[in-house]
């Protein structure tokens, strides 16, 4: 542990991800369709990383794609799916139903308590809920603790310390200061609780620019910074771009069918491109720049979601 | 509990403070020489409130003045004093030495854990330190808890729920949204953990202005808003004014001497003025506006502290 | 005479479970609840504190409701967005008055399953998305408004949930008092067939839609159907409610929750109808 | 030949207890430690993470050190200021490498008393200000640098503290291992008479100032004085250290910690002296 000293932390994506060992516990920043660390996810798949233990709150294509690529051993999220719009997460669902991944489904509040335990240097924290839920059946590691004052029995949850947190931010400087827009989701908690933070950013800017925008996650918590434009695509990274609903629909369709269709998606967008520049070229500049037009008018914004 | 509904919460200082009962547990916002809720403190004294239980981190004239006026039963801070510059807190010290107040000295981390317990709806939280310290002798209410996973024995501290938090902010709107500059100290924690938040602000502005500056404490946590220019004086309220070192020196001198000297201070600045407008007149516009000149140059800023 | 559709009526009924001055939250992937909250805030509960799903934005005025819960459009007009931890802390300490919850399965006690169908070992028969923060929040939020848009399927309201993600009033293991839960549990349940309350912690049909019979409802309900002595038909939406709803949900995201046949249920609207809530 | 004063030498010695790349914190009301951290960051520890006392500003470049610890001048130049809880969390989980601590009383094990002199019941004989966050931080911060500017008084370094606010290496109740404390405890102690380390958890004089004899130090020390076999005189400040110190502390706030007589101790400076740290 200990803070990261102030130094230049800019590295390439491949180098940043190469440090992640098979079997690592990976915290995924962002949530649902926002600020998912997709550039890092794609690079993990390209590098053939295996047996990952994923933790996060509510997630979608980041988890599903890693599961589809066979990179995952254990999923510990509060939700994996595409909401009412695109429905269940196809690869995650299939892997859960065939028991090829361990489903350690959790709750946002429980995860928060477990991360906070690490942040506070404590071996456990108590939570009040959970007792009425079968979620406890998925977590034999939970315990109980009795309040010494009230006698109330509470669920005790152990500290959770991810090996690596993968975060994506619109702005960062070379020292690792990051500016995020709301929702921050668990990114701040992951940054403090994880042994190592790898951040991808839309744009590297000066420290002055980032201080003016507001530092959400400070440099001393960040180990590596990678400039990765459209690094959250097909999730959103406001203020730069909205999520790419068409692309997500394309992915979920391929993942539902599975087999060659899913392989085709992976080949086109992950294995078949050398890097993120290749990914952007494959998605196409026209599509990518359209996602940035949300800010022009309400009609443009709405138009992205029809 | 429950959030405060969105409504106009602007009231006068006297009315806001009149709701505070004798014996109440009062959380004091700000710390040391910054953003102390002095207008509220002076009004509490004017109204003759008694037997207060004060809680806070590191404080100075706010606590000392309340003690000097005989308003306090119990002091639960991590520090009360005027740092190396003006030394020990004269009235607090005298009252502690003659046992006319209960000294429940605490630690910033312990207070934080106790407030967080309230914020998280828990009856207790564990802390790792404290066991080697005689601070536990001042707190028979602490207990112990054993980690169900590691067997480690930790100190258990009970949830702390102040009846009222008195906060001072440079900007607020009529709904109670507050903008603060760093250091926020415990203000955010007090706002969530207290039954009721009374905020004084330098200036009431529109919601748009405060959203642009950044809302630090949201309206739904605030019960009453009072416009009180120079309401932190003689503490600082940046960006408006630096602390008034001369005034603090004048106070500590009077408080050290005690008796008529201290009575004189109280008469001049608290009992003898009807309200905060009267206080400002007594301190004098020239002095007050000088404190705002910190921003003109480093030499001006430094000049305030010679 | 103008008309309105079932999905609109459904959302209006959900919105009426909100009382003035309440602090209300919906989870992600819940367009009906999401739209309902905005309808309430524009009609009978203008002083409510609306906390927007996955954005945790406080009292936003979104230009439209997008098909995902953490799009930036959903914080437009909000002076403040809570942090993740700030929201969940507030909810677990009891500062949130109402939360909307749904589930692939819901039983008579208001227990909900959003985790999976069938046994959990070795793998679920159908893996659902998961519960977000529900398994803790259901313990401490003051009131829960449940909903199901798939009641008629016969698979949604069940005798026993295969997996209890979020606890209602009681489970085989105990009740809320035994667990020290500080929230009151499910208060209302709205389905596309009718409305239920929970006297003594058991669902009871209090209102039905005018185009649905009690027998149809009984046939679709997997648990023993209890019916209120004064069973009524649901009160129609007011013009104010309909126009608020149509303004808020111009993309019609609420419709994604319903089977196609339900969306064809259309009713005549009496424009003289004031708010019946 | 130019000169430097005792207070300058003292602060330089404090600054040398900081190692490169460390994350270091001082409490409020600690001008000597505060100035020492900025000297270190401008000389031998440019890559340290400096967390400014009561502002929790990270690596600021203040235009001057004011006489209060939470003045806005102390966050000038910092891209980020930590929240109160963010800083204390980092310190209690072990992310802070060094903290400076002082006390009205300090014993041979490095226990410190900033709470009060005499018995605590019914009232202290002398009530001191209090310990801030020390009683938890002393348990978990990796290393502690202690200091006392009142050693000569004979009342500062004592056989037993009347009250232990912040634990050093051991107390009558147990040692750090028994309490499960994760930090290493006091590593150095600098006084206006000399410098101590803590082999086996007991203070040992390793350096004295050239104008002070071991006998003077023994006479001023309330506990058994242990002396290192290779006792040396403290190394003089370099020109770089002195000029950094004078630039940072142009108001001379460090001087408020010393008795007037100590401030009159002046030493000749050899401008050829490089950094001796």
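As written, the chain order gives the labels A, B, C and D, with residue 1 at the start of each chain.
The rule is simple: a contact is a pair of C-beta atoms (placed from the backbone, for glycine too) under 8 Å apart; a residue touches a chain by one contact, two chains touch by 3 or more.
Keep in mind that this is a model prediction, so the values were computed, not measured.
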| field | Selected pair, greater C-beta contact count between B-C and B-D | value | B-D
| task | Please report how many Å separate the Cα centroid of chain B from that of chain D, as a whole number. | result | 28
| query | So what's the Cα centroid distance for chain A and chain B, whole Å? | reply | 40
| said: Using Cα averages as centroids, what's the distance between chain C and chain D in whole Å? | reply: 59
| note | Note: chain C sits from chain B at a C-alpha centroid distance in Å of 42
| field | Junction residues of chain D, two or more chains touched | value | 92, 140, 182
| task | Note the residues in chain B that touch 2 or more other chains, in rising order. | result | 120-121, 128, 152, 154
| request: Please list, in label order, each pair of chains that touches. | output: A-B, A-C, A-D, B-C, B-D
| task | Spell out the residues on chain B that touch chain A in their complex, using ranges where they run on. | result | 113, 120-126, 128, 143-145, 147-150, 152, 154, 156, 158, 214
| query | Considering the complex alone, what residue numbers of chain B touch chain D? | reply | 31-34, 57-58, 77-81, 83-85, 88-89, 92-93, 96-99, 103, 105, 107-110, 112, 116, 127-135, 137-138, 152-154, 181-186, 188-189, 236, 238-239, 242-243, 245, 294, 298, 301-302, 305-306
| remark: chain D contacts chain A in the complex at 21, 23, 47-49, 58-59, 79-80, 82, 86, 89-90, 92-97, 140, 142, 182
| request: Spell out the residues on chain B that touch chain C in their complex, using ranges where they run on. | output: 1-3, 5-7, 118-121, 173, 177, 192, 207, 210-211, 215, 218-220
| field | Touching residues on chain C, where the partner in the complex is chain A | value | 28-31, 54-57, 63-64, 66-73, 75, 81, 83-85, 88, 91-92, 111, 115-116, 120-140, 163-167, 171, 173-174, 176, 179-182, 250-251, 253, 256-257
